[in-house]
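Note that chain A is present in both complexes that follow, paired respectively with chain B and with chain C.
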Partner chain A sequence: MAQSDATTSQPTASSLGAMPTGRRWNKLRAAVEGYLYLTPTLIGLTLFVFWPIVSSLNLSLQRISPFGNRFRYVGLDNYIKTLTSPDYWETVRVTLFFVLGTVPTGLILSVALAIALAYPLGRMDPVYRTLIFVPVVISSAVTGVLFKWLYHPVVGYINYGLLQLGFIQTMQEGPNWFADKTWALVAVIVATTWRQLGFNVIVALAGVQNIDESYYDAAKVDGANAWQRIRHITLPLISPTLFFLLIINVIYSFQAFGEIDVLTQGGPGRATTNMVYSIYRIAFVDARDRGLASAQAYLLALMILIMSYIQFATVNKRVHYQ
Partner chain B sequence: MSTVTTIAKIRPRRIDRTGLTIHLFLLITGLLISTPIIIAFFTSFKEPNQIVTYPPYLLPKHWTFANYATAWTATPFGRHLLNSTIQSGAIVIFQVAFSVSAAYAFANLEFPGRDWLFYLVIGSLMVPFELVFIPNFVFISSIGWANTYQGLVAPFMASAFGVFMLRQFFLTVPKELHDAAKIDGASNWRYMWQILVPVSKGSIGAFAIFAFLSAWNQYLWPLIITNSDQMRTLQIGIRFFMNTLERGADWGPIMAGSMIAMGPTLVIFLVAQRQLVKGIAMTGLKG
Partner chain C sequence: MNRKFAWFSLVLVLAMVLSACAAPAAPAQAPAQEEAAPAKEEAAPAAKEEEAMAEEVITLEFWHSMGGNLGELVDELVARFNDSQDKIVVNATYQGSYDDAFNKMQAAMETGQLPQITQNFDIAFQAMVDTGVVLPAWKMIEKYQDFDPEVLVPAVREYYSDENGLVALAFNSSTPILYYNADMFEAAGVPDIEGSLSFSEFKAMCDKLMEAEVAPYCFTFGQVGWYFEQILANSGGLYFNNNNGRTGRATAVEFNSGQGVEVFTFLNSLIQEGYAPNLGSTWTETDSTFQTGQAAIEIDSTSDVSIIEKSDFPVKTAFIPHSDSSERNGVIIGGAALWLVDSGDEAINKASWEFMKFMAAPEQQITWHTGSGYFPVNLKAHEDPRLQKFWEEHPNFRTAIDQLVTTKTFLDDGSLNYAVLGGRAGPFPAIRKLIVEAYSRVLNDGLTPQEALDEAAEKANELLAEYNAFFE
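Up next, the complex of A and B:
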């Protein structure tokens, strides 16, 4: 979109030299002005995004004392130490399990809700929207606190609900959410999926509403039923939105932190310590070894990059762009 | 447009089974989704001895503000509220000002390297925060900004997302407006503030709301960069508050604290839902 107007009046190097001084002065002034408008943003991004990419790499090659005052270059030691540690691979396993637990459920639920919300709902429309969108404004910290209360093993609403629905006979039979390794991970997955749902439904609904009404009219003429219309019109036409949601959700799940810190602090044992939580603990809580933590941060970034690449290479082919 | 849809809606219809199923599905799922917040709301108004009960029940028998009073005095929630307000307010102001000016340059001005710089800015969106937060912590600490407002705000003053979103919008503003302003002798600076910004206030507002929410709800950075109760934001305050009170099972004040922490964002959600949804939907459609 921008390329066309960017190239129209840009002078080549030779024409610049041949220009009268007045015009050249104006060009120079315009260029300087453009850069001035960008300066605050570029300084901010350079200091806090671009430069840290380099300095993080440098940190990952150092052995750093806990107070951060002594550095020693150790080459790839931190990476070797990480990749040969069973604890690290456990965090990778937890991370992947977490992604598998949150992303598919979140996407399926949000598409179903988006399709339902796109139906003409009359006066109830804003009510449903409010009830369903609301998690989008809740923070990960508050989500953690709310679910900690809901998961209470003795008087919690969730176990009480399971009891009422007949899944368990007494409250004692219900899962002791944060003492059990598997249930603790499930608990964190449910809480995170819940918070992410508001965002997902909003984006998915925008995708559904973006579909031109005429496609449905044509399908109705052809006698397609509701399910056929969803299957052959809605889903293919929102596939770019779904693909965007898939990528974003996988990245977000890789970065889950707040709910874990509030609900389980990585426990019991290391059952909910994902890669990010491990980086945080190593850098700021346990060993305070920021060299080792930086190496793990690099490995995490690399993994996110690879995952995104795989999705682009495999899923993107099946996305239907209009 | 609304008249057309209204006519379609009031037209009498047969009892539509699909419609009924959809209404039921939305009502039940909607209530389930908002349950955690509804429970927190009612719990925060229950009397302390009615909170941990079996079986649990929803509505308070007697409404009381006691939990809010306890939360407010047991921990400096007032101070946390002030900290969050300053931190989020500053972040929003900087992000809006910086993004408007950069987006304007990318959309309307011509200078060498413009497109290349734009891709650089967009590229920064792909960098996960985990990759940069340790060096940022080291840097902010080394200049003595740990545990200060500057330290909370500085890493988030520039927003690549804001630049991208506003540039996309500025590109839709007719170029003739810019030319006309120039002919009238307005400088670029004046055009930006007196014409472009007022014309785009819907989009800028949507971005500002979005920026406020992300700033207010931040967790990892405020957690590591603050180390005293006096400098913590609400999100971090509620975490420490819960950890100290949990053993005493003091859930009333904890829920009151949660209501304080999510209050401002809930209010924004209820009064500015349309702009908020617009801002979020834009992330999906343009991506």
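Up next, the complex of A and C:
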């Protein structure tokens, strides 16, 4: 089949091209040619993106057995069940808290670091940049294991540090990072922010370095101090970059998975089970019900869509494009 | 010229993509033949006799979840099988965790690319049976009369049996035991633990250890569902109704009454009263707590013996405790078993069965036990002088065996003791997770153990009802 395609379509294309059918044909041919170029990508997208989207909509209307693949059509029951479950709203709350915890801190830190790095640091420059970018290259599983050791309540370095610094008298007094509901989420937020930081800094740094020196020179002549220069020149001029980072970070945070899986498995209780982790548990570990999981996946997609729309509608107005 | 070339390459790319997409569909129906195919091709140009010989070799896919050094040990056993005869070749592949392997199997059911033998863990029993692709062991035994289930440790045999007989062949079996720091016990003047302690005896011992200040904590355990299940069984309590789901499909849980509450209260009180650190739901942090001398006693799987024995201090082992209001019953066999996936071809099924029997044979079980700490499930292996000698040198391995062998699989009147056979229910993995959450409801949210278990029971019963609805 593959062979015949190659041999038949090639002469057809050239012989048709030679036919004197006028401008309309040329136009059509250009369009067809364009789509043909797109086809390889479209096939990939259809198979791995569009088709799963449609198929999971179908799955979300079924209850699927954890053994074999027995299906039972349940209509909107999965959605109703999800939306009326207090456990589900808990995952929404965790997700939002997680986003609020990681995105603003991540952005503020990355801009501060980018501005600091933009000043010439001499020979140490590449060293600092490398150090800041290294966490991005490390896989989230490795990050997880590292932080697990740091946070360990009995033998961990963080509590040991607190002990040595005199903040606590015994190891037992330190926060029990992963067993305490509030600290667990904070611990995961810190680990995730740390890992994301490198990427954010590199992007923000590119934005800062793109700013023309002459703006600063002009401001200096006008007597603006360092803070005023940052506030009135740097920040507005990197706002398109920041907007990009905001969108990317929000989406990433909504879908955080690796750190949670390695550090807390969603616990204690459900304190760090965000929407994505809940979907994963339902689909592949606990209930193994891909129907219910698909319904939750749809709800998550809807939520990200709405968030992105709000961001475009509100924040975009404040972005200054040069 | 350029344009022509562009068209040509485009079509070429298209053709490649299309053919790549079409490829997996073709051999989907017959996985066994597909695997035999390469052997055939190689033999094709050769003489007819050779071709016949090549066709006789059956290649089997074996999926397992044994990573790291356990995986190497499995490979060693598989190689031993492949070398022992020339009719069957087994390909062992590591598929990740039990959950991963089960998910892959579920996906494989759609494409038809199922393995011939797969390993799956204890509590997936009901779901594995319900897949409908499993060929129960008793059918093979009936047909070939070449395996006597009586050679298996009774607790193991009964765990993997239904009313017709043996369903899966246990391979790696483990139970939890207590590990304790012998130096600390000596320093605190606490005698070695004999037999299974009751909860109050356990706490009294902890008091002595804590008073002697040998370690910040007496005990360390992870808040996983397994220890609750095991101590509940040891106290004679049932997890599910219908005799733990063994005389009929489980329709409700029973852990939120009687022994269940007593056991769960005890476990939580260990943390609430400062005997144990709150490490959350973990399988590994307890090791680091115990091995760094932060706790005197740890509960962990017997399959971790070889790791925990490598501590800097002498480690001794003991039976797990039981509730004050009960006598010791024993432990449920954990770990995993090998399942025969029905290929529809008798010769292939027979070959798979040969491999499964081989893995359960004394010789392999001895290698497996001494290398991993999982039990030798074959009673004949227990009599082997090599194993006797090994146990003399490693008394900690012995504790595990004793705890299992002395388990009351049968009650005094000869009927089965369903408590120690362990629960059987389709959504067991999801229900186990509810117990993990119940710990947090008590320790973080201040519910009483009874309230937390009631809440878990309500969700569990809903899961059971949903699962059972597939069979109405």
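Keep this in mind: the second predicted complex is superposed on the first by the 277 of 322 C-alpha atoms of A that agree within 3 Å, B and C clash if a C-alpha of one lies under 4 Å from a C-alpha of the other, contacts with A are read in each partner's own complex, and residues count from 1 in each chain.
The rule is short, and it goes like this: a contact is a pair of C-beta atoms (placed from the backbone, for glycine too) under 8 Å apart; a residue touches a chain by one contact, two chains touch by 3 or more.
As the structure is a computational prediction, the values presented were derived from the model and not from experiment.
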Scan A:Y88 for contacts with chain B and chain C and give back first, second, both or neither. neither
Give one of first, second, both or neither to describe whether A:Y37 is in contact with chain B, with chain C, with both, or with none. both
Considering only the touch criterion stated at the top, classify A:Y277 as touching first (chain B), second (chain C), both, or neither. neither
Please indicate which partner A:I138 is in contact with in the superposed arrangement: first for chain B, second for chain C, both, or neither. first
Look at A:Y128 in the shared chain and tell me whether it touches chain B only, chain C only, both, or neither; answer first, second, both or neither. first
Based on the superposed arrangement, let me know which partner A:D261 touches: chain B (first), chain C (second), both, or neither? first
Mind working out whether A:F98 is in touch with chain B, chain C, both or neither, as first, second, both or neither? neither
State whether A:N176 touches chain B only (first), chain C only (second), both chains, or neither. second
Applying the document's definition of touch, where does A:V154 land relative to chain B and chain C: first, second, both, or neither? both
The answer to whether chain B or chain C touches more of chain A is B
Show which residues of chain A both chain B and chain C reach, each in its own complex. 1-3, 5-6, 9-10, 37, 40, 43-44, 47, 68, 148, 154-155, 171, 284
Sites on chain C touched by chain A in the complex: 4, 7-8, 10-19, 21-22, 99-100, 102-103, 106, 109-110, 127-133, 216-217, 223, 277-281, 285, 288-289, 292, 294-295, 426-427, 429-430, 433, 436-437, 439-441, 443-445, 463, 466-467, 469-470
Footprint of chain B on chain A - complex, ascending: 1-3, 5-6, 9-10, 30-31, 33-35, 37-38, 40-45, 47-53, 55-56, 59, 68, 112-113, 116-117, 119-122, 124, 127-150, 154-157, 160, 171, 194, 197, 199, 202-207, 210, 226, 241, 244-245, 248, 251, 254-255, 257-258, 261-262, 276, 279-280, 283-284, 290, 293-294, 297-298, 300-301, 304-305
For the complex, give me every residue of chain A touching chain C. 1-3, 5-6, 9-10, 13-14, 36-37, 39-40, 43-44, 47, 63, 65-70, 72, 148, 152-155, 170-172, 176, 178-181, 184, 264-265, 267-271, 281, 284-289
Which of the residues in chain B end up touching chain A in this complex? 5, 8-9, 18-19, 22-23, 25-27, 29-31, 33-37, 39-40, 43, 52-56, 94, 97-99, 101-102, 104-107, 109-112, 114-115, 117-118, 120-121, 124, 126-139, 141, 154-160, 163, 171, 188, 213, 216-220, 223-224, 235-236, 238-239, 242, 246, 251, 254-255, 257-258, 261-262, 265-266, 268-270, 273, 276-277, 280-281, 283-285, 287
